[in-house]
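You will see chain A twice below: alongside chain B first, and alongside chain C after that.
Right, the complex of A and B next:
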């Protein structure tokens, strides 16, 4: 039996077979892709939204490789950190797009940090899925802005001396409308969150802790277990709890860029109709 | 497309930077992204004012990097998209240009040049002529045009969009502070007389999504926009004609990149435009481009009239692709070739390479940070001819 989400993948193309993906065994990115496609599949069915309206955009890194040539959707695998800018352009051309951004903690937290916070500030209508593995996987396990203090990586051979970014808090203060964090060990919660994010008008930021067994030098199973034991539902967290809070942190309604800008365009269009009537 | 907020045919008094935006609107551009920088800011302010009036969208981005990257998404989203900047901002746009070349994405960047390096100065310059062609990493070519009047800021912006759509490539409008801030007459021709080119689409050729090759199938591949059911995977890695990226080979790399270079360079005779005057029986020649062409023409006319110097005038309208073959056909054997530039002799390099056996002497006439006066050019011509 074929995987039910394969219908959204390009198994082959005019120049040959495209699967399997480039991802390492045990990588969490494949799970996130699976959850995302489930969410998209449910929205296509429940909301009667045409598949052609979905657009996947990514930058550079392991997580961004999900949009290379595997997806049977319109997509762009763009420049490191620049996916929010490319997505903004697509929306400016056509605000009807349902945009999903695949990104990683380095892509969105370091090189693309500026674009990320400004997308949130403008509250542009897109869903940003950040796979956080707390390191740079594609280049071989270097320190990332999300790496915990003290961790050893190939570029912190004597231990990381820097504080780490909390990307969900960054998204909140930057102005996003919906912010949530889950892990690859929380499939149903992640699918529900992604669906909510896609439906949400404005910027949705969903961080998914996603294992990199290769560079973490642990088995995928071990990391997935820790995602269960070392996290706590945000609403259940008590003061002093060292576990990582997961769940929905923010869900608000606020003006979105395109609705506001469209009013300006419409004012000129109605002025023109008035001119023609006079 | 036409609406009451578009300029009607007639004569207007316009600034160069603002004329550029009127050209963009006329060409069908409805997406503008930018970041403020002197001396290009009026391009952006005009877009902020004018784009919503004609149903377009304008956004001020957080930097020039995102402004240029935005064009990639806007273009695949079906829009003709534009950004305007000046030299320091143009440096930041190089990665988007590089991606635009490999992904064959049409868009237009207006660079109202100022001197560099660094902050340089906020006056006029032509110091990005090499950056425009060679600033991006990797192989591949693009198109760059050099306007010299307010009218050409309008006309060449339309031409830039036409070229971008026709050849599926980034196009650079290499203006400078002088022409950007110049105020002169702008003539808007009747709409029927303006040639507008749009990208060729697979739908028009009856090509089905499953057979569509976004990066192959013809010299300039057909372009399906996002949202049209073609499931286009836009990629920046070396790819096969269908966008497949995983099976790397040196042969694939060569085929992928060589076509992107050839589609521009092999069609240089269709793309390049050159303006010549007084080319009969000449012993000397001035080769110029952009705003210095204005004072160069005056200097040539004066040298011919005052002292009977047999000197011709040739202006490059298209700097890139560099029209070597056309130049060699147009230019007879001469004694001296003068090249006035608002830099220390950048375009002198391809000019001398192309015409090395056509002239005895090549004389650069630099002017840094300001437009040459006709006298500066004339005195240099007379000085050389006395030698």
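Right, the complex of A and C next:
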């Protein structure tokens, strides 16, 4: 008997055992991987989609170690912040791919911000999963663009004085089709959102607030409990509420990049046929 | 009775499963494993309803429950 999701993972490789993961005890990235695999497992079973149609792409960071190292799917471990760019290329080569991007907040919000907003603007068919722990975990807990005002990190010992990036709002105004935010303490809701995001035509952006117990200097259990009290469903939020809104923020139908291009190609093809008939 | 399985190689003792368990069927062990982690062990498996919330929330793919 073993964990049901281990069937999608590489337990051993050419250089010895791959598991246990390199992540710290209680890391939220492992939980997000677990939720994503549950969502992918349900989609494979319900929609009868071949396992080969999934492609996982990641950049650099704790969250981005999840793809090529552990997954038994097609995956790519790419440049820092450039995962959306590589995903665009992969999608151009094979539009049938169901692409899932694992990114962190430093990856998608700081160094790869430009790539991220332009993928949203083009509305390419991919699912971007952002694990937001509000600091740079891998390099030693420095301040990140998503660190809330007043938070203590190793480079802001007297509290952060900058405004923080709200990635969900950025994705919304950049033109994504589906935007949601959950935390690692909301597994069922996160799985439902990831499933919807994978099935959705167009860019889906799902931000998952995930804990970094090492740099937050709290236990994972304590942070998971605080996520339940610190957050509020977006539709129940009142004005002046300081809690973090969670839930689905945007779910719209709009023309996807490939569909729009296919229409232009088809219109030329029909004109050619007309010319030949004449 | 449902059966609990913990992979001692993969578990890092974060104890998320114990906090998540709605019926408190598992508890942390007194003994440390070879890496110095406190692994979850069975407290009273008669309480386990096999809801698999521990399986869902485990970051290290180290826990499984089988229904019987």
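Here is the rule we go by: the second predicted complex is superposed on the first by the 261 of 278 C-alpha atoms of A that agree within 3 Å, B and C clash if a C-alpha of one lies under 4 Å from a C-alpha of the other, contacts with A are read in each partner's own complex, and residues count from 1 in each chain.
What we mean here is this: contacts are C-beta pairs under 8 Å (C-beta built on N, C-alpha and C of every residue); 3 or more make two chains touch, one makes a residue touch a chain.
Please read all numbers here as calculations on a predicted model, not as lab measurements.
S.K.: On the A-aligned overlay, A:82 touches which partner chain: chain B = first, chain C = second, or both, or neither?
M.R.: After superposition on chain A, A:82 lies in contact with chain B alone.
S.K.: Could you tell me if A:97 is touching chain B, chain C, both of them or neither one (first, second, both, neither)?
M.R.: In the superposition, A:97 contacts chain B only.
S.K.: Would you check which partner chain A:132 touches, where first means chain B only, second means chain C only, and both and neither mean what they say?
M.R.: Touch status of A:132: no partner.
S.K.: Counting only touches as set out at the top, which of chain B and chain C does A:225 meet: first, second, both, neither?
M.R.: second
S.K.: Compare chain B and chain C by how many residues of chain A each one touches, and report the one with more.
M.R.: B
S.K.: Touching A:9, do we find chain B (first), chain C (second), both, or neither?
M.R.: Only chain C is touched by A:9; chain B is not.
S.K.: Using the touch definition up top, name the residues of chain A that touch chain C in the complex.
M.R.: For chain A paired with chain C, touching residues are 1-6, 9, 17, 19-21, 23-31, 33-35, 38, 184, 187-188, 191, 213, 219-221, 224-225.
S.K.: Using the touch definition up top, name the residues of chain A that touch chain B in the complex.
M.R.: Going by the criterion above, the answer is residues 10, 13-16, 18, 22, 52-53, 55, 57, 67-69, 71-79, 82, 84-94, 96-97, 114-115, 118, 261, 264-265, 268-269, 272, 275-276.
S.K.: Under the definition above, what is the set of chain B residues touching chain A in their complex?
M.R.: 3-5, 31, 33, 52-57, 59, 61-63, 65-67, 69-79, 81, 95-96, 99, 103, 210-211, 213, 226-237, 239-247
S.K.: Which residues, counting only chain C, touch chain A once they are in their complex?
M.R.: Touching chain A from chain C are residues 3, 5, 7, 9-16, 18-20, 37, 53, 55-64, 66.
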